[in-house]
Each structure stands twice: as C-alpha cells, then as structure tokens.
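Each of the next two complexes has chain A plus one other chain: chain B in the first, chain C in the second.
So, the complex of A and B:
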C-alpha cells in the first residue's frame, strides 16, 4: 500500500460507521428550534377541534345540548356519538381486540372520556364552545379497584358486552372480566411450591403511571375532496399501521390515505394507540372539506390518552435452603380501565410478561393474568419498555429481594447462584422464550467490582449501627438489579398487531455520485434513527454516514413497517437496513468485478471498496461503483443501485444489564437522595456509544420518576388526582442524579450486525433498582416490601410503621 | 388550557391603574408576573374580563435600603435574589426566594404578586410575617399600611380591598446578629411546600412562621416567645399546635404535621448556629 492510500482503519473512521460516537444529525434543527412538529403544521383554512370531556368516571349521558355552542361565532360544527353512528364511527376497534367509544355512546366510563367534539375556526372559539355545551349526566356507581370490580355485585361497566362470555382472548367469567392468559405448567409449579424448602410470597403492585411525552398527542387531518385523498399528519409511532386501520374503519381505499409522522417530541408508547381525536379530526375534515387540527393539552394527555402499568402481581418463589430457585408462580390482576386498549401483539394480551422468570434458570413456572375493566382511562401501553417487560422485570427483581430476605442471604449472591450460565444459551425458559445470548456472570462481577459492593455493604452495616446508637437519622440502601429484556417484536409467526405481521423494512437508493437515501418503516421520536441507521449502512456499503439521508414517517414514500416502540427499531428495521445494504454490496461486487475485468469471486470487500484478491492496488471504491451503476451498460445487470429488504426476525433479542443504586434515606422526612447510580448495559453490538449513553440517561431518569413519585392516582370517585405536572412527577436536572454508565458486549447471534436494542433497557432495569434501594434501606429493621412510588410520605410511612419515629 | 376572552390594559401610573380597577370592579384583576394568575385563567378557575398589567408602572419597582427595607411590589424574585445589599441586610430573603419555584418562574414572578396572591402555598407570606413586614396598599381613597401578620384571612381571602393595589413591602432591619433560616421540604423543583418554616432568632427575640400547613400562613407568637427564652421543644410544640394541615398528594395531614416539626427544629438549629 503506498503512502497516499489511507490505511483501513483511517478509511473506516471516515465512514463514521458502527462504533462511532457520531453526533446526532437531528440536533442541528432541534437545538435551533427548527424542528417541525404536528402543532407547527398550518394549512390554509385550517379548523381546530376540541373535546367536551366527562367530569364523571361513570355516568349515563342523558342529553347533550349544543345549541348555544353552535351559535357562537367561529364554531363550525359539534359532533356527538349520534352524528358518528350513521357512519359506524361512534365506536372504534382497539389494538387489543376490544372496541372503544369514539364519543360517549349513552354513557361514560372514565373521567376525561370524550363526549363531544367541537370544530371552530380557532382554538379560542373551540375552547369557549366547549364551555357552552350542556351535558346532563346521571351518575352511576364507580369502581376503580380491579379486585372490587370482579366482585359479584360490582357495577356493570361495559353494557355493550352484556351476555358475552367469550372475549378476544378466550372466556370471560364476570361482566368486568376481560381475559385470563395462562402460561407455563400450573400443576408442576404448585407441586414444587408445596414441597420446597423455602417459599417467599409477596403482592407487588406496579402502580399506574403515564409516558407523558413532552409533546402531547395530536394530528392534522386534511381531506382533499377533489383528489379523493386523505392526508393525516400526526404523532404516530406506527404510521403504516395507522394507515391500514384508517382504511379499514373509514372505507377509504388505502392508496388514498397518506399518513405522515413529522418530528415527534417523545412517544414512550403513548403514541402507539389510535385515539378518538384522530377519528373525530378525520370525520370533521371529511364533513367540512377543510383541514382540522386537534392537539390535546397536558391535562388531557395525562387524563385520557394511554396510561402504563397498573399491574397487581402476586408472586410465590420457591428455593432450596442454599438459595437455588426451584419454581416461580405468579398471578396478575391487570387493570385495563374502561376499554381494553392495550398495545400488545395480538396473541399476547399481557404482552411479554412471561419474561418474568428474568435472568434466572428457573426450572418450572406458572403465570396467569386476569384483565379487568374499571372506571379508569384505557391504555396499558409499553412506557419505554417492550410489552409489559418492565412489569415483569420489576416483579422478578422484587421477588428475588424478598426471597433473599427469607433465606437470610445476600441478594447479590442469590442472583449469582441462579443466573442462566453462558453455556446454557440459547436458553429455553420455563415460560416459553428462547433467550438468544448472554453472559450474566461476567456482567454482574464487573458491576459489583465497579461499585465496590463489599465496601458498600460494610458502610451500610456501620450506618445501621450508628443509627441504632442515635448518631444519625439517615439510613443507606443498596439497590441491585439484574434484568433481561425481550425486545424486537417480532417474528411474524407469532407477532402481529391487528393481523399485521411485525416485520420491518428498509429501502435504499444509491445516487450516482455516491451518496444515498434510505427509507424505513420505523419512526424516530428522539432515538436518533437518522444518525444510527446511517451508521449501520456506512459500515455495510462503505459510503460515509454523512452522505446518507435517513427518512421515515411518510407512508407515501417509506416502505411498509410496523413502527417504533418496544425497542424494535434496531432489532428489526436495523436488521432490514443491514440486509438491504448487503444486497447493494452484492450488486456492487458484480459491477466492481466487471470494471476490474475479473471474475466476481476474484474481488473482495475492503471497508469502502472492492479490491482484486492478491492485488490491493487494483480496486474500485463504492463511489466509483455507484457512478458506474448509472453510466455503464453492464452485460447481465440492470442499471441503478437500489435495494429493499423486508426483515422478519427469526427471534427476539434479549438485552440485559446490571445496575446498582445507592440511596440515603432521611427517616424523619422520607426524603431520599440517590448518591450513586451505576448502569452496565449489554445491548450486543454497539452502534453509537454516545447515543447509547444518552438513551441510558433518559431511560434511567424516567425510571427514577416512576420509582420515586410519578403516578396516575384516582380517588374513589374516579377523579384523577395527578392531572397536572405539579403533581405528576417529571424530573428536572435538579432531581436527576449523576449516572455512571458501563457495558459488556454480547452480540445477538441471529441479528445481522449483532445489535439488540437499548432504548428501553434503562427503564426496565432502573425501576426495580431504585425501588430495591429504598426497600433495602429498611431491611435491617424487618421490612420486606413497600409499593412504589417511593415519594416522601410513603418512605416516611415505612419508617413510621417500623416504629422508627419513636 | 385556554383562557376565556379578556381585555388587556397596560397603565403607566399607579393612579391610572387604580382608576381602571375602580372602573371595572369585579371584572378586573391586576397582573404582575402572571405565574399564579395565568395558570388559574388557563384552567378557567379565574375569568377576569380585564387584565391590568402593572409591568409599566415605574413606581412599583426597585429595592431601597433606608431606615427600613422597601421592596417594590413588581420586584421579581430574580431581582431580589441578585441584590447584594439586600442579601447583606436581610439574608433570609434570598435563602427563601431561592427555594421558590425554578429560575424561569423566578425571572417573572414578583414579590408583590407572591404576597398579594393569598395562596397558602406561597412562601413569601409566612416569611413576611416572620420578619414583621408591612404591606403598602393604594386604593381610590388613598394609601394605607397593613401588617403581614394581619393580612391573611383564609385561602385567597386577604385584607386587601378589591380596588386596592399592593405597592410595596416594608421590612424592619433585623437586629444585628440575628440568626435566620428558611427550611422547606418539597417533592421537587417547582413544587409548593410539604412544610416550610421561617425562623429568626436574636439575643432576646425570636419569630417563627410556617407555610402551607393551614389555609393561611401561620405566625406563632407563642412559638417565637418560647424560642426567645431558649425553649426549642416548647417553640416547636407551640407552632405545631397552631397549624392545621390537610391531606393532599404530598401526603396525609399526620405526615405533614410530623415533617413540620422536623423541619422547624432544623430551621431553629440552623438559625441559632448563625446567631451571633
């Protein structure tokens, strides 16, 4: 190689491919306030929609008087269920096989439910009109407790389901019962439990919370009656799925619908579902022939669009005296609210909760989940986690701690004894999953060494002694978590949403001068796809990431895909990207061989070029090849250089991580101070370390929020008590601790580049870690478990109930 | 979150402002920093037809350190915090103001608005009671002064007549060597107090007030007297006997009462440590 030719590593570095901490290309516009969000879209003649919402959690709608509202200047229309019924749009299907009222059809089932939709020439007129609409309600008994909802005399919530003993997921045994989902071996598990040395038992509640993205949900619907084409800009995490659903329920042919997701200000699962606002805006645009914008405000977002969690998880875990786990039993009472609008793959009404055996080699397990209707908002979305995986991780990581207490064993050691060993992968879990790869012991040892685990325990013991001597009123908690996620839904053979297989896609066009555009079926909401997917391609096709445009979110241009949630973008669309890149490279190889006048097999790939084997001075760069693809008549090859790949993943991916948290707890005030947080993540091949770190920081901060204060709480009348950001906790820089991040790398064996996905890991692992730390602080005083969120008064209550206030 | 319709006025003199208030009566509200009033309007819990913005009235601005401390009603929390002379003369003001809301709110929210608002969650009213401050009010019939300790009746009900404007806060200089502390427990930045305590303690005098533990700030004469005589436990007990916290999302009354005692004791300890 002569001096003028940069060596391989210099050339690779220029590409900014895999492993480069390339800066986010999106941030150029975001940091200048030049993002383009739904609410930035302004069309000529655009109208605004606003909702009349129910103040009651359960009531009959006796009458709606909209005369005064209609008379208000600027008001164009008021829609009620009666107006939508002739179109068959007063109800809509949910992602979970249930149906949901678009506008109150005779009754309301939760506070904040949509009752009427006002359309006006501006937002102010719409809001004034909402005030003028008189709705007469007749209050009905409210049930917000899922256990009470299943009692024999409980109020009937879903009158539309009267007499239906079969739901979308099998038999219903009560008027407020939605489904029972069973996994594993019940008899064998119960047998193990009855004969076990030790059985630990606990009820673990993962409270209701909300993804609360900074940008709320909204859309602009525009029906072009001349062209017969409907365009909808919206905060959609799955634009193609929205197009298909919109076509199916409206009857408009799919090619006449165009869905565009512009910049999205965070989704976290909140923007997966289909909401009444979308349907009403579309209908209003069809009726008026004008574009209609609807954007919910913060209170509406917290009160009415999809919540997360609300799982009551009863657990029993069996072990030998020396701590080897022999079986796990779990029953979940899942509060789904007034309609079952969970966003899960069709065959998984409790998502992938059956990952609840966690990172442990548990020989036998049984799980049953009962879905229940209550007078709360519908939803149950995967808030920065793959479907119900955070609930599962919280459950098993709390159960491990509870078992450690029962055994009188160190919780780090208990985990180590039970980890799935490296040589057991691919590992078949008792509840039916095939874990692709892992090296848990290595990660665990690295984490414990990094934090100085033994020293921390010694310090904690000293602190307890000092506390007992009256020298301090602060206790110290050490939170441990080892989590395994299941992400990248998913194989079409068992994963679909509304019948749509959960593959994903990438289409690449190489331009003659050697730059490219790639379009994907996913949609970034802050994850940085435009940055990272270009990096995958750069490494695959040898063109600099800076010369590759990534485009997503417009169904008229992007290939069909199922969107972004459940950490599926890198595992599925990222795989499609690599595979499409390989198709490009295969054709490029033939072009190179032709240009170099050798046989296809006589050239080999070298970072950004094909070289003649044994003659490295003879090569063609990808740039040269791209040009040739457009200006040379190559026998046997079509002109151009394009490829498309639809990738159906053979399996899920299983990222994992080891987290440690140290918290100081003020026993007298309940105030907690996260002194240290260490997060080791193994997400397989690392595409962009800087973006990974950013994702981990963000996910941990949302985990902190959930564990330490964030909740959607209801009073017994069904009123939402936490409907504003004064009471709904979203941490700022002030509350956010310093995070230490670390990693190991265990590639996925079935993913083309070995990547597993990382965006949600920190939330899945973070929540149990913070919670374990708080609970651990009180372990020495006989405390076993307290429910989240661990806000000041609940922490104070632990101390109070233990008699620590004297 | 969209307010009802209103007219906006921006008078440049106090006389013009009081005139507008008299003209529009109940239908008008004065606007200072807007960080309490505008959220209420967005929730449509307040629906004034006329907003009289005080921002352009020069007479309501400025901090003066004369025989006593005078803080103009339209001084923002940020201006109060930045004022070095004030911090030297009465350091508890800065210590308390830094615990109000967040920097964004403090750049706009005013001291006058904070004390006039009448929300039991506001931090400045208790503080002003602790300091023995007086409020200067101007209405159509002239001006008067009201002691902060006599100003608050119940939530949002104050001694101020609807046609009066609060123009300034007057604070006597603390005696040299007075120790001070403002202690506040809150759930997060931007939250009102779970419990807060203002303590001033000098050689033979002390003053104690508590915030967000009743429907108005609680200045406890008995607590101050006990502390002046060196009886810390008596001071805490006296203050706790006068508060009346209620349950909310921060926790039940029982918890707040306990926390109130803890943070008051801490405030007293800190204040005593600072006393010369």
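So, the complex of A and C:
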C-alpha cells in the first residue's frame, strides 16, 4: 500500500477501520445488564422443561412410572422415548454421522443421560416432578477405559449397531469400535523409524475436559400452530445448520422454521452440537401449543453436553544425531463416549489432527486414529480450537520435548533446526495440508530474545545446583511452544457438516444517508463481531465503522452460513464481508464516475471517496454516492446499493505463535507458580489489536485451566467425579497470571484482507506451553513426561516418584 | 405451595410481591421483577454471575431464598447506571479497558467490583485479584477486568490523570 498523506490518514482514522483498537459497541448494553440471553426470554404462557437423568453409566431401563409426577399441580406433560418413537424422534442424527438417543430407548450409556422430559408451568414444579418419576434400572457392566472397551469380551455398548461392520467412516472391527482414520505413508514412515539414529517414543494423554461456558446450553421453542411456524431461540453457535437439521428431523418445511441465536454467554465449542433438550423442547411446544423453555444447570452441562479431548496419543519421532527430524508416527485411541457426537467436518472424523506435524519440516509421517465407544458422555467438540488441533499441537510439542531429552539437546534449538523455512511456503506437509504462509524463525527469535532465554536457562541451572545443595525446595521450569494452527474451515470441496458446505456469507445494505447494515452467517459469543466486522467494512467501503450495524443469528434475516467455531468467522465470514464490500465499491465507482461526468476508469479509490485521477479536488464521498444511489436515475444501473457475498475459501489459514512460560514448582506441595508467560501470536492482518489481546488473555486462561487442573474424570463405575464447579477447575483472578503479549504479522496470501483468525491460538499454544514448563522443571532429574492435568497432587507425585522427597 | 408476602427495595424502588418461600432470590429478581442483569451460571455459589449487593454486602443471589432478602436494600448492575442514563464509572471503565467479552459474567463482576471499591477505595492489583476471586470469567483471563477496576478506583478517587 502507498504511504498515506496526512489528510488521508486523518480521514482513515475517522473510519475506525482495520488496525483500530475501536471500543466495542456490544459493551454499552452488556455493562448495564441489558444483554439478551436465552434465559432472559420470557414469552406469554411459557412452560419449563426439565430432565430425569440416569444415575447409572450403563443400565437397562426396565420401567418408567410418571403417574405421580403427572398428578402434581403445574405439570403439563412427561415425555419418554415411547412418546417420541411414533414421531421417529426418540433418536437423532449426530454431527458425526452416528445417531444418539434423545430419550433413553431401553438402555442408558452414560451417567446423566436423558431419560424423561417433564414440562411444567414453572421451573420449580418441573424440578419437583423430576423427583417424583420412578425409573427402574438393571445395571450393566461399565467400561470407561477405551483400551478395555476394545477387548474381545468387553460389554456391548451399542446394541443398536449389532452386526454393523460398516460405520459412517469406514469399517468397524469390534462392537465398540467406531472408525479407523489413516493419513500419510505407513510403510515409508516405519522404514525411516527402523533405520533412524534416534527414535523417541511416548504415550501422551490429552485428558477429557469440558468447554464450560459461563452460560449453559438452553433454548426456548415456540410453535405457532396457526401460522404453522416454529421459532427457536437458543444457544446455537451455528443457527442456520440447526434450522436445516431441525427441518430434516421434524419434517417441518425449512421456511417455516426460524432459529434465533440471541446474545450467547460464551460457547468455546460447547454450543455447536444438537442436544436432546432442543428436540424435547420443540416436541413439547408442538404437543402443548405453548412456548417451552429448557436451560440446563451447571451439573447437567458438565455431565451431559459436549466434552472435549480424551485422546490417547502414542507417538514415535525419528531424528538424526544432530537433531534433524526424519519421520513421525502417531496412533490415537479416541474416546468418544456412548455416541459419536464429535463436531467435525464430515470427511475428518478426527478433525484436523493431521496438522500434528506442527511447525516442522518432517519429510514423512503416518497417523492412524481409532474412535471408540465407552460409557461416558458423547461430544468431542473443539474446545476453543479448530477441530482436534489443540490435541495435535499438544502431541507434537510434547514429542519435541521428549526428543530433545533423548538427544540431550536444547529444546529451543531443536525447534529452530526443524522449522519450516520462510521460503518453503506454501508448504505441503507430509499429512496432506498446504500451509499458506509463515515466518517461524523470525517469530521464534523475537520470543526468545524478549524473555532472555539464555539467561533463563542459566538461572535454571543455578537453581538446580541450589536445590541439590539443599538451599531451595523450588525447581524452575521453562516451557516452550511453537504452534501452527489450521483454522477457517473451510473449502467446500473438502469441508462440510452433514452435507452443508462450510462457506460463509455477508449481505450489506447501504442506506441513503450513508450508514449501513451488514448481516452475516456467523454468530458472536463474545468475540466482538459487531465491532470488528464493521471495521473490515469501514476500510473497504469508506463509511465510518460507527455508522455500520452488524447483525447475526436470525435465520429469517441473515444469509446462510455455517456459524462460529474453529476460528472460522474472520477467515471465512470476514472474507465474505470484504468481498461484499468490494462489490459495493465497484458499483459506487460507476455512480461516482457518472456524477463526476468521467469514465469509470478515470476515478480511483481514496480512503472514503472516489477522486478523478490527477484531479484530487474533484471527488465524491461514499456518503454522497450512497445518496445518489437512491435518488439518481443512472443509465444502465439499478437503483440502490446492496451486495451479498458467499465466500468459499480456497484454503484454510494457518496462524502460528511462539510462547514461553516460566514456572516455579514447589516439590513438597506440588504447587506451581506461573512466574511469567509471554505469548507472541501471528494471526496475519490485525483487525482490532485490543480485541486480539483480549482473545489471547482469555485463551491462555482456558489453557491454564486445562493444563493445570481442569478435567472431566470418571470412576470405574462411570460416575462423573468433577460434575460441579467445586471439583471442575475454572481459574479465578487469583490463580491467573499476568500475560505479556506480542506479535508478528505474516498476512494470509489467499484471504482478501490477509487475516487468519486468533481466538483459538492461545488455547492451542497455551496448553503445551504450561505442560512443557512443568515437565521441564523435572528434566534434570531424569523425568521425561507426565500426563496433564498438572494439579498439585500430580506434580507432587512426579517429585515423589523421582525420589525428590528424600 | 403457600406464598409469602415479600417487601424489599431494588435499585432504589420499593418492591412488593408474593412468592413461594423456597424461591431463590435470583429467580425472584429475574422472573418476578424482570431484572435480568444478574445471571445464573452455576447455582452452587461458585461462579458469581448472580452477584448482587444486599444491604452493603456482595451476595450470590442463586443461593439465597427470597425470604432472606426480606426488607433488604438490593442493588443490581442495572442500578449502577448514572441517574442520567449514562454508564457509571465502573461500567465505563470495563468498556474502556475491554474488561468483558461475552458479557455473561459482567453484571456480577461490576456489582462485586462496586462493593470491593466501597470496602477498599485504593486497592493494589493483588487486592483486586483476591477481592474478585468469587467471580468467574471464561473469556477475558481477568487481566483487563483487573485493569478496569484499578482504573475505576483511580477515577473514583478523583485521580483522573492516573486513569488516562
């Protein structure tokens, strides 16, 4: 771009476009309690739904007696699978090509599974009725370990699949096996491994956790029987997809269904899936003719709606003696719970886990993933990451550390010698991706210089000596991570969910007085879309961001899109916004030329106006052009100024980052103090630096939670041990460290404005960075790897097993 | 279930209503009075999204029966707006310093911060982090919340320069 004159800069600044730390427009209503979340919706005659849930992880449902509940004042209806079966709604399709019980059909497969749905005039009556429903169960053997689930004599979990040897993703080789997904070159990889100088091997478990947005999942379904129209307000990260699925499941014509995502109190992947509560609320509204609200409580949220991770990742990495990686082998045992309800693009049953070669130039690799049923809740959503990318990043960043130990090499140097070089982009990875752009060495050097890496290692060495002399009981750990994400799903040629291509959209209307409204197929859950998408447009069409309304989430008004998750909003809908803006500008150019009485080619764009080339004093501002679009009869042009763009991205985007964490670990208590955390992110073109920094802080804190204590743990009976916020770790302001943020800028070459997306990078990079720091603290004592979460007891156990307690 | 006659003052307005004694204060505020600023995030007193000010103390309204607020003076986030309808100092500082994202924890955060700054008008960063530790946020990582509260404290102390 040419340098701007002072006059141009001044005009550009007024637009608050790209690069402006514009304050958020959402905050005026949120800060005074005027948000409008699902549970704030109150409709006349509205009823409340509540679930009877299974206390057992695996059991037959012998009988359900709801007579006492039905007799309770205020109770309107009790639904069971028997009531839904005639409608064909006792089971529903999952996003992963499997099916899931809406209400227990003869048996239950996980603790907290939905068994009956009560509808009552208020939430207290509904809760009372739940207590009155008597369900008789016959317990069955429970399996919560995916390896045991694949043993020959393991209990049969999915009796409905008996004899089915073909699943949605290929052959099934065992009654609890879901799929095998293979990528890369198995023979070539095994050949490299067998002849390598050095092979490091490790089993790396990324434990089961949960996105736990502060607002739980819920909906209000309202069937207007007179108009034949169903409206559902809900915590939906993908409202259009919900509409299409609701139409396919219910048989209600799609134009008679309106899905509205109002304000959403955080999503982090938890609100992508379709849950039994939505189906039951819709059915209950159809049956009763009244609006029905269902909002789960926190325990229901943690026990029954979509979990994340639960990947057992066996890795083998080969290298030369001087540390050049020659091959990577990985096998994943993926615990999907009782139903396969993963939220992944159809052709990717393990998401984009094949980004697991990371930021490194690895010539050959092989990956196989086996999906397994267990008696745990279904899910497998992308908790603040693109599909399975945080598992992949954790895997490779731990394997690099394990290899560094095996080689006796500095882990920063090992990364440096294996990075994909700047001149190798676009880079084709051994597992099939085309990385769009990157400059890893520059980012790495900047990060290491910023933290004073050499000095930190010297300090660590001194600390180890002091520890050995008995002068301190605290060890110092230095966590390093260099991650590459793959986000912005995705190209329609290989990315769809339930057959719906993963494009996205933007529709813009310019009003006569020079303000505008733009509607998108995405939906903000706190990311600040109303602020940032207006900034993209401001730079494209030269109207101030403050004069542009952004609207999302109402399927009756917004153009079709696949929603917000996997950091896809900026890469896909942001691109659609820029492209729609360019269509506006193209028409504006013709209008300007007409008004200025010159040829279209004789005017050029100048920040917020078209000027006559060589005569900058002759111009028409976008505001003037907007008015002209509605009051001039221009030969050959239709009146009005509107545009719509459906954007099918040519490729994913590949944000990256370099993180360093310094911790002090008390070997006697296992308490880990985060002394310092430095995060450098490269998300391509930066739209709003203030919002980017906020996204990084938030993602790092979710990473801190996951790495240091947050888990969904089960006992051998399949009881959830972490079903409340008492047991499920969510950091407070007290545990959360202060973060230092930094950046480099490597634009995406294929995105219209070069943006890559940032919301999930800090979680993807943060988890391995915290974990590497804890593991690194014990490296000098022969420690190689410990599974997350690194809570006090588990860290104490590392020290204990190393004999550090004397 | 028999209902109890409830009287209280909410955001300066006297309120009278009938409610079942077991009604939780948060449900009374949200469903009976239509005050939907305070939210429900956990129902077990952990998250603080339901925080309101009750007779000069921060309380989690999801674990109080409405009867326990009989006769009380209650302030919610809606009551912290300036009389002319503009944002109060804390609300403005949360906006200024990007102390919120999805907005779900924000009413509880701001209501708690309001009380914290009454208790300690000149808190250190550590005081703020400790004083806010009953309120969970899943989006911001707290850094900008702490910054916003420190800035609001400075403004409220008349140290406007420091807040710039």
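Assume the second predicted complex is superposed on the first by the 800 of 806 C-alpha atoms of A that agree within 3 Å, B and C clash if a C-alpha of one lies under 4 Å from a C-alpha of the other, contacts with A are read in each partner's own complex, and residues count from 1 in each chain.
Criterion: contacts are C-beta pairs under 8 Å (C-beta built on N, C-alpha and C of every residue); 3 or more make two chains touch, one makes a residue touch a chain.
What you are looking at is a predicted structure, and each value in this text was computed from that prediction instead of being measured.
In the superposition on chain A, contact of A:776 is made with neither chain B nor chain C. By the touch criterion stated above, A:37 is placed in contact with chain C alone, chain B being left untouched.
By the touch criterion defined above, A:297 lies against chain B and chain C together after alignment on the C-alpha atoms of chain A.
Touch criterion not met for A:83: it reaches neither chain B nor chain C.
When the two complexes are superposed, the chain touching more residues of chain A, out of chain B and chain C, is C. Within the superposed three-chain model, A:23 lies in touch with chain C and out of touch with chain B [touch as defined at top].
By the document's definition of touching, of the two partners only chain B reaches A:127; chain C does not. Contacts of A:805 after superposition on the shared chain: chain B is touched, whereas chain C is not. In the superposition on chain A, contact of A:668 is made with chain B only, not with chain C. By the touch criterion stated above, A:734 is placed in contact with chain B and with chain C alike. In the superposition on chain A, the residues of chain A touched by chain B in one structure and by chain C in the other are 123-124, 297-298, 725-726, 732, 734. Within the complex, the chain B residues that touch chain A are 1-2, 4-5, 44, 102, 185, 187-192, 194, 249-252, 255, 258-259, 262-263. Those residues of chain C that touch chain A in the shared complex are 20, 22-23, 27, 30-31, 34-44, 46-47, 49, 76-78, 80-81, 87, 91-92, 94-96, 98, 100-107, 110, 128-130, 132-146. Those residues of chain A whose C-beta lies close enough to touch chain B in the complex are 123-124, 127-128, 131, 297-299, 668-671, 709, 713, 721-722, 725-727, 729, 731-732, 734-735, 791-793, 796-797, 800, 805. Residues of chain A touching chain C in their complex: 23-24, 26-35, 37, 39-40, 42, 123-124, 212-216, 263-266, 268, 295, 297-298, 525-528, 690-691, 693-702, 724-726, 730, 732-734, 736, 738-739.
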